[in-house]
Structures are given as C-alpha cells and as structure tokens.
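Listed after this line are the structures, all set down as structure tokens.
In the two complexes below, chain A is the common chain; its partner is chain B in one and chain C in the other.
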Partner chain A sequence: MSEYQPLGGRILTRPVLALGFIFLIGLFFMFVRFTEGMGAASNLNGGYAWGIWVVYDVMVGTAFACGGYALAFLVYVFNRGQYHPLVRPAVLTSLLGYALGGFGAFFDMGRFWQFYEIFLPWNWNFNSVMLEVGLCVSAYILVLAIEFAPALLERLGKKALLRTLNKVLFLFIALGVLLPTMHQSSLGSLLIAMGHKVHPLWQVEHLHPLLALLSALIMGFSIVVFEGSVSSVGFGRRSETHLLVKLWRVLVGLLAAFLLVRFAVLGFQGKLGLILAGDFAALMFLLETALFLVPLLILLSPAMRARGSRLLFAAVSMLLAGTLYRFNAYIITFDPGPGYGYFPSAPEIMVTLGVVALEIMAFLILVKLLPVLHREEHA
Partner chain B sequence: MKRRDFLKAALGGTALAASAGAEARPNLEPAPEAVGMLFDATLCVGCKACVSACKQVNGMPPEIEGGNAAWDSARDLSGDTLNVIKVYRNGSAAVKDAEVDGFCFEKRSCMHCVDPGCVSVCPCTAMRRDPVTGIVTHHPDVCIGCRNCMVGCPYNVPQFEYDKLFGQIHKCQLCNQAGVERIDKGGMTGCAEACPTGATLFGSRAALLEEAKRRMALKPGDVYPYPRGDVRKPDSFHEKAAPAYKRHIWGEKEAGGTNVLHISAVSFDKLGMPPLGERSAASIAESVQHTIYNYMALPAIALAGLTYVVRRNSGDGDEGGES
Partner chain C sequence: MAERETDFSDLERRLGVSRRTFLKFCTGVAASLGLPSGAAMAMAKAVADPKKRPPVIWLHGQECTGPSESLLRSEQPSLEHLILDLISLDYHQTLDAGAGHQVEQTKKRVMAENRGKYLLVIEGAIPVKENGNFCKIAGETMLHLTHEAAEHAAAIVAFGSCASWGGVQSAAPNPTGAQGAPQVLKGKTVVTIPGCPPNPANFIGTVLYFVTYGKLPPIDDKGRPKWAYGRLIHENCYRRPHFDAGRFATEFGDEGHRKGWCLYKLGCKGPETYNNCPSLEYNNVGGGVWPIGVGHPCFGCSEGGVGFEKPMFALSDVLTHTPPNMFPEIADRGEAGGVGAGAAALAGAAVGAALGATAMAARKVDEKDREQG
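So, the complex of A and B:
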C-alpha cells in the first residue's frame, strides 16, 4: 500500500469554479494574442520587450515552482528523509508551475510557429544564456513529469512499470537537482548582457547567477512551507508545522547568504550610496530588502518561528521578496533609455492571472484524484 | 558524501568559477575589413532624406501621423523604420549645435557593434556578425521571437512587429542583406548616398575613424573640406568652418566600439546615447557562461556526484512509492 492517497471528494468545488472563471477570461485574451498578435493583447514595446509574461510567468513562476527542487536537495542530497511526505505535493506544484512557465514562454514567443528552431543543434549559439534556459527548462519539465509519474502509475495500478521506473528514478532525481541549479542561475545571468539598462543597484554582473539561485531556493522552501500551512487549513489536514518549522535553519542560511552577497557586491562595486539616494529605485531596494530581512528575524526567534501563523507570514514575505527582486531588476527599475515606458495592459494581466488560476485549479483537482498528499498517520 | 563535504565541494566549485571568471574573455576586435558609417551631427540639417532613402531601399512603408501624408512621421525605430533622425532641443532652441538654447539632430540606426550584444544573446544564431565586414545581420528563418536581442542591445535597435500576428525582428543590415547587397556590389548604404551634406558618410571603419580624428583636431572656425558619400572615394566636397566639436568619437571605444561612429558638438548623453563603459556587457555575460559551462565539465561532475548521493540516499530503488 502506498504511503500517499488521493483525497477524494467533490471536484467542482466553489474555489475550483471561481478559478475556472478567471482562467476563461485569460483564455479569451490568449485567443486575442493568437489571432491579432502580441500588440493587441500587451503593452510590450521596443524598449520593454520583456513584460510580465516573461518576468512573472517564466521567471517568478518557475521560482515559485522550485519546491520540488528545494526538497529534492534536502531529502536526497542532504539525506533528510523526514521531509519525504512533503516531496510529492511539491513535485506536483513544480510540474504545474514549470509546465505553465513553458506555456508562458510559448505565448510570449514572437515567432511561436517556429519555436522548434531552438531545439535544432545546428542553430545553437553556445554564448547565449537564453539557449541554456530554453533547453534546460524544457528538459526539466520532462524530468518533473517522470518524477511525478509514480503517482499516476500507482493510481492506474501499473505495478510492473512502477517497479521499473523506481529502479532508475534516482537518475531523474539527480537531474532534478542539477537542471534547476543550472537554469535558475541562468535566469539571473540573462541580466548581465542587459548592461546599463539594469539599475546599478541590481546590476551585479558576475554574481547574478548566485543571487538568482539563492533566491530561487529561498522561494522553493517558502512555497513548501506555504503549501504545507495552507493545505492543512484548506483540506482540514493535520498541521505539518512541526515538520515545516525545522526548515528554519536552511532558510536562515539562505537568507543570510543572499543578503550578505547582495550587500557585499554593492559595497565592492561602490554603489552602497545609491541605497540612500532617496529616489524611487532606492525605495524599491529598501522594500525588497525588508521583505528578505523580516522573515530572517522571524526565523531567528524561537518563539516566533514556533507559531504556525508567523511561519506562514515569513513564507509569504520571502515569496514576495523573491518576486520583487525579479520584478525590480527586469521591469520596475529597468531603464532602456529615453522614450520608453511600460505598465502591463489589462489583457496582459488577465492572461497571467488565467495561467495562475489554471495552475491552482489543476493542483486542487489532482490531489483529489491522484495519490499526492501523504497518508495521515492515525494513532 | 557528508553534508560538510558536499558544501565544501560546492563552495570549491563556486570559487573555481569565480577565479576562472577573472580571466574573462576580452571585447571582440573589429572585423578585418569592417565597414560602417560616420555620422557628424553638426552637418545634419534634419532633412530626413536618409529616412526616405532607407525606406525605399528596404521596401518599408512611411509612418503616417494623423492626416499628414506629406512626410514620414517616424519618431523612433520600429518594425517599419530602420533609420530615424531625432532632435535635441533646449530652451529657445535658437542656435544649431548649442547645448543651451540650441538644437541638434541625431541619427538612430543600428550601430553595428564590434562586440554585438544581440549576436551574443541570441539562442538560435539568428543574429550574426559577418566575419569579414563586421555587418550585423538578422535571419528571421531561425528566429523564435524571444526578443532577447532587443533587451540585449544597448541602443534598443532590433524592433519586433508587435502589430502583426506573424511578425519579425527588423534592424538595419547596412543595405547588404540578401536581395539588396549594396556593399558586396561595391556600393554604399542608402542613407549615406542620399545625405546632401555628408553628415552620414560611408566607408571602412578604419578610414572613418581617421576622418573623425582629423575633425577632432580642428579648431572651431577652421575651414575644412567635408566629403560626401564614401569617405574613401567621395562624390564631392563642401567647404565649411568647423564647429566646436566635443572631443569624443562615439563608437571608438564604447562597449568594445561600433562600426557606425558618431561625432557632435552636443554631448552624447544629451543626444540620448546610453551610459556605456569600454567593456561590452556581452563579453562579461559570455565569460560567466563559459566559466560555468566550459565543456559542460562542471555540470557533468555535478551530475555524477548527485547521482551517487541520490542513489545512496534513496535506498536501492526497489522500494515503492519514491518520487
């Protein structure tokens, strides 16, 4: 008998219907994008070629989907088997997040009908960070699908296939740690070539890959904490706070490392004065830093981190911190030069919300149909 | 592997990456027979004959604003405009080439970087630098439309046709793209040919740089024979007193240099040129990328280590329910 079980119950609950409605609105504007072109559905322009479809759907979306990555690191690399019950739901969220991130990349692609050109080896430009991102994210989506396959095979009762898969699964788990390390760092490296367009407070050049990776891990562990807290409330399951709270050491380490590198590089580059410039960018920097710092303080306090609500608050703060870090660098303080501005259009926002709604909807339905959540232990 | 060992190894790898990053790839050097243009803002009278000629050569429609169909109203580069003349205005805008209470014209078109960001970032090699002429070309047949070239260009030159469902990237290809091939045939760019004052000169990068340096050496008021057309075999000259040039040849060194050079009497930051150092962003990005992915050695070692550790930590793989 599996240690996981489907939740069962009604599929079309009110939250699912509400999310479905948002998804349909998004779908309508996706239809507009695929019939009239990108200009009809977005405010993208010559200076801001990347808007929320890239920065939210791909960069933030896949960082939110780093739960599977973060847990694989913890469980299989650092051999912390007690976190095993959290792995499967995290892998499902990762699969959904990355699949929809890939879909986001597709509808943001200006020449979507020849997307396959990036997969043809004779086209490859090995100097391109984008090549690494494109190939590596695609490969990881496949790896996640294989990592999640046992849930489906168990449900379908394909025992022989499941046994065979389990024999080689370690290889895919190893890839599942390597590939996100590669492309999550590359999602930061993309900023290097943008040079002066990236605000000096965010242009850390050689250290982009490290900061992007650290923040992706922070967001990955945060989403595990967030999901654990929310699903124990939403599905009326036993609280997993006792397990989640033990993640504090890892998160403190990651947060401290991120802030240390962030400030050290600014000091080294002689840009610390810009933090006190009192302008809009400085304000955004301070807000972003506060979102990283507050959870660090919460997690350092034994009394605060023991409380489920504070832990959830810390997780939300870290998710917002990583999100704002990406938005600040790529959009909010990004300056391509005179004559250009960008704020996402309503259809652009609705497409993104539609994708997020689809992701949550799929999670809510799949945990009821497939053995994803850990079987509760009864006394 | 113990956690401590793993962390040590990870830190070691990072340190290795960081130290190797110090031996970065330098900026690219100009192509052996690099061709380009020299734009002298002090000679430009804003007639936009170059804009018009560019559209004719490249088969692009004029941009019409309101009901005015008398001239091309393009204000910036776009999917329909590869070359545009912009104006700097200050105060009363009475005096040409004065920073205060003056005005100045500035050309915007592809600078044909010596170390082009667009070429470096393109995943599908849809942007290429000609190994002989240094001309930066675009090849839509392999382009997926990720638009990394647009964000990777310091000058916002590549432009995507957002208004079309099946749009493409457009940029100046120095009138040498397939079907036009003016340079290969010994000709010059449409804009340089059309320019009545010689504000836009065509030529080899080396000859243009020499010409720019001669002008930098002029004292204001010195009479100088300004050539028109191709700097190596000018169509004609006109004599004119030299203006008070800023001693700065844009594109000699900026981000590795450009094949299209600009000189002016108004400083370039006022003309909307970006704040660039001498090192190209592309060279930094490639240094980082090739340090991490050199022969895929680091990822291969990491995968071997991970496979070993994961296999050990997930049992012998015969237990069910792993995921």
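So, the complex of A and C:
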C-alpha cells in the first residue's frame, strides 16, 4: 500500500474553469506571437531582450519550481526522512514549473525554429552563457518526469515496472540534486555577462551564482510551505503546520547566508552608500531586503512561527523577496542604455498569466487523479 | 635536424629564395588555409622534396590569361620561382618556351607517362555551341581537349571565373555557348578558384594542400575550397560596421564615400559574393588595395549569377541576414517604455489577487490549527 493516495472528486470545479478561461486568453496571445511575431505580442526591444517571459517564466518560475530540488536535498542528502510526505507534491510542482519554464523560453526565443539544435551536440555553441542553462534545464525536465513517474505507475498498477524503476531511482534523484545546483547558479551568472548594464547594487560579479542558488533554495523551501498550507485549506485536509514548521532552521540559515553575502559583497565593493542614495534603485533595494528580513524575524520567534498564518506570510514574503531580487536585477533597475524602456504589454502579461493558470490547473487536476498527496494519518 | 636543414639549403639554391622567406611563405599559406602550425612544416617538406612535384597540364580556353598574369605578377618575393618549382609545369601555352608541334607532342607524352597522376588546370571558358568550333588549339576544339585531358587527371582545378562558371564569355546572349569546366565535365570533381582575376593565394594554397596531403581541400557545392570561399565578403568587410549602423555612401565623392562608409547603396555585391578578399586583399601590397578598399563597390566577379550579370549599381541581396518579420526591430527605442493602462491594471490585479488569496488562506490555516488543537 502506497503512502500516497489520489484525492478523487470532481475535476471541473469552479476554480479549474476560471483558470481554464485565463489560460485560453493566454493561448490566444501565444498564437498571436507565433503568427504576427514577437513585436505584435510583447514590448521587448533591442535594449530589453529579457522581458517577463524570461524573468518571470524562466528565472522566477524555475526558482518557484525548486521545491523538488530543495526537498530532495534535505531528504536524500541530509537524510531527513520525516519530510518525505512533502516530496511528491513538491516534485509535481517542480515538474510543472520547469516544463512550463522551458515552454516559456520557447516562445521567448527569437528564432524558435532552431530550437532542435540543442539536441544536436555537434551544433552546440560553447561560447554561449545560455548553453549550460539550456542543456541542464532540458535534462532536468526529463529527470523530474522520471522522479514523478512512480505516481503514474502506481495509478496504472504497473507493479513490475515500478519495482525496476525504484531500483534505479536513486540515480535520478542524485541527478535531480546535481542539475538544479548547476543551472540555478548559471542563471545567476547571466548577470555577470550583462556587466555594467546591471545596477551597481545588484552587480556582485562572481558571487552571482551563489546568490542565485541561495535565493532559489529559499524560494524552493518557501513554495513547499506555501503549497502545504494552501492545499490543506483548499482541499479541506488536515493542517500540516506541525510538519512545515520544522523547516524553520534551514530557512533561517539560508536567509542569513543570503543577506550576509549580499551585504558583505556590497561592503567589499564599497557600494554600501548607494543603499542610502534615496533614488528609485535604493528604494527597490530596501523593499527587497525588507522582504528577506521579515520572514527571518518571523521564523526566529518561536511564538510567531508556531502560527500557521505567520508561517504562510513568511513563505509568501520569501517568495516575493526572491522574485523581486530577480526582477530588480534583470528588469527594474537594468539599464541597457539611453532611450530604452520596458514595461510588459497586456498580451505579454496574459501569456504569462495563462502559463501560471495552466500550472495551477494541472496541479489541481493531477492531485485528484494521481497519488500525489500524503495519506492522512488520523490522530 | 641536420638533415632537414640540408634539405632546405638545397631548396634555397633551387628556388633562389632564403630559407627564412620560404618558411614564412609556407606558414602564411597554412594559416590562411586555417591549418595548424605543424602543417606549415609539412608543406615546406613536401615542396622541398622534388619527387613530390606533380606534373601539370595547363589548358587555356576563352579568356584573357588574367589568372596566369595575376599568378606571375604576384609581388610576393620570388613567388614565380616557387610556382614553377612547386609543380612541374609541363604544358602552358603562354609560358612554354617551345611552340607548335613540339609542345603539343610534349603534352601528349607527359599525359601518357603520368596517367592518373597529373594535375589539370583549366583557365578560360569552354564554348559548346556548334561542337565547340569557336575555340581551337592545334586544330582541336577546346571542348575535345578538355575532355581528353580530364579523362586521366588526378585532380582538376578550374582557375578563374571563366573556367569556374563561364565568366564574361557566358554573359547574355552568350553566342558561343561558353560554359565553365564543372558544367562541361559533368560527373567529375572540379575544384574552382573563381575571380576575375582570382587571387593567386587561393590557387597556391589549394595546390600546396594537394602537394602536401595528396588530396584536395574541403570544397563547397560549387567546387570552391571552403577555406577561401566559405564566407561572404560582407561578413569580413571592414566597412561592415557602417552597414550595421546604417551609414551608407550614396554617390561617388559624397560625404559618406569620402569617409569610407558602406558601399552597399552604390551596388556593392559583397553581401552575396563568397570570397576572402577582405582578409587577403590584392597584389600583396597591403594598405587596403582591393576594390572595396579603394572605394569601389564589389561587382561580384567571382560569383556566378552576380558578376557580369547583375547591373553594376543594382542593390545586392543580403544573404546573411534578411531577418524574417517576426524578429523584433534592432534599434526600436521610440515606442518603448510606455506603460499601457490595461497592462498596468493587469499586473496590479495579478499581484493583488495573489496577496488577497494569501491573506484568506492565512486566516483559514489558523482556524484549522485551532480546530486540531
């Protein structure tokens, strides 16, 4: 008997229909992007080649999808089996997040018809900073699919295949820890390549990979907390607060490390004064730092972290902090030269919302069909 | 070590060039072929070995002897010595000391003695109308002579645009039915070195490769060695930045022309002509001596279907990048930056909905926790 079970119940609930409607609008604009071109659907330009499709769908989206990575790290590398019930939903979110992130990268690609070249090693461009990211992300999507396969196999009753898979699964779990470590840090190093276009407060040069990795892990654990809280409310299941709260030590460590590195670098680079410059960038920096600090304070206080709502606030704050950190560095304070400006167009936002809607919709439907959520223990 | 030095000192006597000049030349050729530095020594050894010199039969059809001239008038130190000593030039109508029946007999003898070993160089177009009667040498048509010599050649090189694709002879209305060697010798591999005249370095490099490695260098679908004709003139042109920035000369002598801007709007065919002129230039004198370098648009002399066919001042097709209309504008700064009201509302609604849902969920989580105690 598996420790996971499908939720069952009606598939076409009202939230699913509403999300489906948003997705259809997004789909329409994706169609426009492929028939009329990038310019017709987005506000991307020569200066801002990275809009919300890259920064939200890929950079933020895959960091949100780091739940599977973060838990795999905790459960299998540090051998903390108590978190095992959280693994499968986290892997499903990761799979959906990464698959749709890859999809997002596809419609953001100027020459998308050359996408297949990534599968032809002899056509790889080793001078491209995107190569590592492209390879790693496509490989990780496959690994996640394999990591999630037991849920499908259990449902289909393929016991022999499941046994075989379980014997080699450790290999894919190892890859599932290695690959995100590689590409999440590489996503950070893209900022090194952007040089002076990145605002001094965000240009930390060779420490970009470390900060990107730390913030991705913070977001990964936060999404596990977020998902646990919200699904217990949404599906009327028992509260998982008692389990989620145990993650506080890890999160405090990660948050402290992130802030320490962040400020230490600025100190060494002699850029701390810019924080108090009083301009727009400084304001964004303070807002971002506050979003990292608030959850740190919540998690450090035993009374606060024991309350499910405060824990959820902390998780959302960390998710926003990581998101704002990426948006600040890649778009908001990014300066490609005089005359350029960028704010996403309505169709562009609808495409992104459509992708997010599809992701949530798929999660809602799959947890009802497949054994994803943990079997409820009765007290 | 000692032995190798002796070899090259022999060569010094034979060619009348210093060992240093000779090795520099080989290194230069290897570098422009894109070969590793070790290849220079291999080439030097191959040239130093007189046994390796392949016999060469050199045919002339409808042409001006431009390719031969450019090869001989090359300013590189003693290049003509090297050419004449690198290969055993057994038959060449312009350069042979003998004449008449004597040289024709020599040619037949050399071809019979070296069946399958000689190098055939064809210079000039081959007329095919009226059985090729428009061009005859020693009573035979060029058409017949070409087929005859190609039959047992080890390799065939078409030197110059005329031999490569017909050249000026094949320009409309082409009364003699002039064709290039690859069109006449269907089914045989013909290496083409087009150009009017072609750069001698492209010929020397190809022949040196053949002498050193016993095979022809990699060629493209038109038989051109890739090392020399692999890229458009446009790709390596030093006026290219002006093209990218939209700075064009529009008249001879106008401001742009005097400032050395891009000649595309004067009809430069660089964007559709494959050749290495921008990197090798011409006549080995440096200083930007080649058509575009001295301010004249390229007319596509080496490209079949462009040179002698497209009007001098007609705009060329830009083969590298004619972007599909789905590419975003390269420097579209005008409209960017505006925040649409709808877009702002949407972004706000999305963030608001997420925060609102969080607040709702938070309240319910606490209720649940209280219920469970």
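Just so it is clear, the second predicted complex is superposed on the first by the 377 of 379 C-alpha atoms of A that agree within 3 Å, B and C clash if a C-alpha of one lies under 4 Å from a C-alpha of the other, contacts with A are read in each partner's own complex, and residues count from 1 in each chain.
Note that a contact is a pair of C-beta atoms (placed from the backbone, for glycine too) under 8 Å apart; a residue touches a chain by one contact, two chains touch by 3 or more.
Owing to the predicted nature of the structure, the values given are computational and were not obtained by experimental measurement.
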* To do: Using the overlay on chain A, decide if chain B and chain C clash or can fit next to each other.
  => clash
* To do: Examine A:Ile349 and indicate which partner it touches, taking first as chain B and second as chain C; both and neither are also allowed.
  => second
* Tell me which partner A:Ser309 touches in the superposition: chain B (first), chain C (second), both or neither. => second
* First (chain B), second (chain C), both or neither touched by A:Val233 -> second
* Asked: Between chain B (first) and chain C (second), which, if any, makes contact with A:His196: first, second, both or neither?
  -> first
* To do: Check whether A:Asn79 is in contact with chain B, with chain C, with both or with neither, and answer first, second, both or neither.
  => first
* Asked: Can A:Gly134 be said to touch chain B (first), chain C (second), both, or neither?
  -> first
* Should A:Trp50 be classified as contacting the first partner (chain B), the second (chain C), both, or neither? -> first
* To do: Classify the contacts of A:Thr13 with the two partner chains as first (chain B alone), second (chain C alone), both, or neither.
  => neither
* Classify the contacts of A:Thr241 with the two partner chains as first (chain B alone), second (chain C alone), both, or neither. => second
* Structure fact -> The chain contacting more residues of chain A, comparing chain B with chain C, is B
* Can you list the residues of chain A that touch chain B in one structure and chain C in the other? -> 36-39, 44-47, 110-111, 339-340
* If you look only at chain A, which of its residues touch chain B in the complex? -> 2-4, 34-39, 42, 44-47, 49-50, 72, 75-79, 81, 87-88, 91, 105, 108-115, 117-118, 120, 123-132, 134, 147-151, 154, 162-163, 166-171, 173-175, 177-178, 181-182, 185-186, 189-190, 192-197, 205-206, 208-210, 336-340
* Asked: Okay, in this complex, where on chain C does chain A touch?
  -> 325-333, 336-340, 342-344, 346-347, 350, 355, 357-358, 361-366, 368-369, 372
* **Touching residues (chain side chain B, partner chain A) in the complex** => 3, 6, 14, 18, 21, 76-78, 117, 119-126, 140-148, 150-152, 154-156, 159-169, 255, 272, 274-276, 281-282, 284-290, 292-293, 299, 302-303, 306-307, 309-311, 313-314, 317-323
* Structure fact -> Per the touch rule above, chain A residues touching chain C in the complex are 36-39, 43-48, 110-111, 229-230, 232-234, 238-239, 241, 307-309, 311-313, 316, 339-346, 348-350, 353, 379
